[in-house]
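After this come two complexes, each holding chain A, first together with chain B and then together with chain C.
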Partner chain A sequence: MKRVLSLFFIAALGVLLLYVVASMPPMGDPQTPTATHVIPRYLERAEEETHTENVITGVILNYRGYDTMGEVTVIFCALAAVLAVLGRERRGRIRGFVDRSPVPSSTIVRTMVRFMVPFIILFSVYTILHGEISPGGGFQGGAIIGGSMIIFTTVFGLYESSRRIPQKVRAPLEGSAVIVFFLVGALGLVGGGNFLTYAWPHAARGLQPALVTWLTVLVEVGIGLGGAMVLISILFAMIREEEEIALTA
Partner chain B sequence: MSAARDIVAGALCCIGTFFFLVGTTGLLRMPDVFTRLHPSTKCDTLGACSVIVGMAVYSGWSWELCKLVVIACFLLLSSATCGHAIGRSALRRNIPYWRRQGKETGDGNGA
Partner chain C sequence: METALNLTFIVLLVATALMAVWARDLLAAVIIFSVYSLIMALMWQRLQAPDLALTEAAVGAGVTTVLFVVTVFKTRRREEEE
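The block that comes next holds the complex of A and B.
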């Protein structure tokens, strides 16, 4: 009975969803409001206005620069909240590699992680620097660096990973996304333009595209580094080595 | 020539998708960790590699082929390591094997 009932509900839900999908405008229809409002303008003018080949990067960092700056601030606030509740990481008394899981990590996994992490970080650098011309960007690259350190920390423990990215390095870089974004935005004001347009109207005409491109790349790097450090700091803050030792000892 | 290449590439991608489907079904339907590990590791090796070979055939001799080969290498290395880590951890933690028990076939959680 229950099965029939749940089958009935699933079928009803499926029909409902299919009905909604059928009433939606077809994918890529040029007549829909989304495709007729600002998108043609973005697609036609983005390259000459933002000097980034990747229109998405142009939209995110230039047209909607304020929005992205808010997002970056939200990420920083998340870190601030986590640190306010949990505090900075507390490393255990034992120095060196200690395996605390009930199953000691295998040589294969350790070798593979040691082999892969540099490639992952290399890929993230590519993602960050290439975000201006291909899919990618600061947020994605930062998340990849954070992911690589999560893998490293689960296999080698907090001591090893926090020795490689010590708090002294992380603390100033955590805010780099917000700071770089704000400074680069303010540079537009200094150059006589608007906040966050990256354009200097008084600069030489030929200099303009290179300037905008490099400032965009600078913002990408700032977002990438800041995002990565925020992720790593949140991860470290959630590890409590002292208490784990007390439990197992 | 181009049509033949498209057909071969499409067929390889379909084979890959088939293995993904089978692997996912196995992951959902198998009773315990060890039996689930068996189909799910097939997804990455057979499924993803067939799709990548299909895309390599489709792209021909180009830089994309180079990238695909690198992707395939990393995929094979990491998925094999992943399967090893899960299986080894489950074995060392003495997670019981699934056995057929009369009419009751367990709750499907394995542990």
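The block that comes next holds the complex of A and C.
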């Protein structure tokens, strides 16, 4: 009975969703309200207004800066919740969780990871700093840094990994996304403009584009570092209990 | 050609989603789910959203997969029989 009921509910939900999708305008239709109001403004004026060549970065960090600041805060809150439940790893008592698995990682894997991780981090630095011109940016680059350190941790273990990025360095950087975003936004107020517009009306005219661009890049770097540290901290917090479980088992 | 490629991707997306739900081995489910994310990233690229494609590939296929794998190792790998 329960199964039939849930099947019926899911089928009804699916029909409803399909119905809604069918009534949506076709993709790329130039006649829809979004395509006739907001998008032309973004595409035509983004470069002169936000001074970023990648319109998406301009939209995310400038036009909708408030949204992005909220997102960054949500990511930080997620880390705070994970740490509140699991707790931080303690230095000195931690071991890698893959190290004690029945099949240790082979020499080939270890060598390849040791060889690849610096290049992955280099690529993520490129993604962060170039996000203002090409696809990418703080979130993507931060995730790539986090991913590279996660690969390193799964192969070499938590002990080695937390020696590379000690807690002392990680903990202050975790909030960097929120702090840098807020500070740069507030700098706009100091310069006589609005919060999060990056524009300083009183600054010299020729200085304006460079100023906006560099402040945007600064926010990208803050988001990248903060995101990476949040991901690494979550992974470490999840892994570190392993020892206690393994000891009692 | 375009439509055929899109259709292939969509069929693969639905197939991987169903396989991830039906898989009894949770580790297999996680890996299938990362394949789903990878196809989704290709889909974003086809929809001309390279920023989203990058995010999906890094977060969806990379980071969440590892977090799920850690969770599977810390709990039980097999789903219990009813």
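Just so we're on the same page, the second predicted complex is superposed on the first by the 206 of 249 C-alpha atoms of A that agree within 3 Å, B and C clash if a C-alpha of one lies under 4 Å from a C-alpha of the other, contacts with A are read in each partner's own complex, and residues count from 1 in each chain.
We take it that a residue touches a chain if its C-beta (ideal position, glycine included) is under 8 Å from a C-beta of that chain, and two chains touch if they have at least 3 such contacts.
Since this is a predicted model, take the numbers as computed values, not measurements.
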Combined model on chain A: chain C and chain B, fit or clash: fit
Touching partner for A:150 - first (chain B), second (chain C), both, neither: second
First, second, both or neither for A:112, with chain B first and chain C second: first
Chain B versus chain C as contact partner of A:6, first or second or both or neither: neither
Touched partner set for A:235, first chain B, second chain C, both or neither: second
Partner chain(s) touched by A:140 [first = chain B, second = chain C, both, neither]: second
Broader residue contact with chain A after superposition on the shared chain, chain B or chain C: C
Minimum distance between Cα atoms of chain B and chain C in the superposition (Å): 8
Shared chain A contacts, counted only where both chain B and chain C touch the same residue: none
Interface residues, chain B side, partner chain A - complex: 74, 77-78, 81, 84-85, 88-89, 92-93
Of chain A, residues touching chain B in the complex: 102-103, 106, 108-109, 112, 115-116, 119
Chain A partner contacts - residues on chain C that touch it in the complex: 47, 50-51, 53-55, 58-59, 62-63, 66-67, 70-71, 73-74
Chain C contact footprint on chain A (complex, rising order): 27, 56, 97, 127, 135-137, 139-140, 143-144, 146-147, 150-151, 154, 231, 234-235, 238-239, 241-242, 245
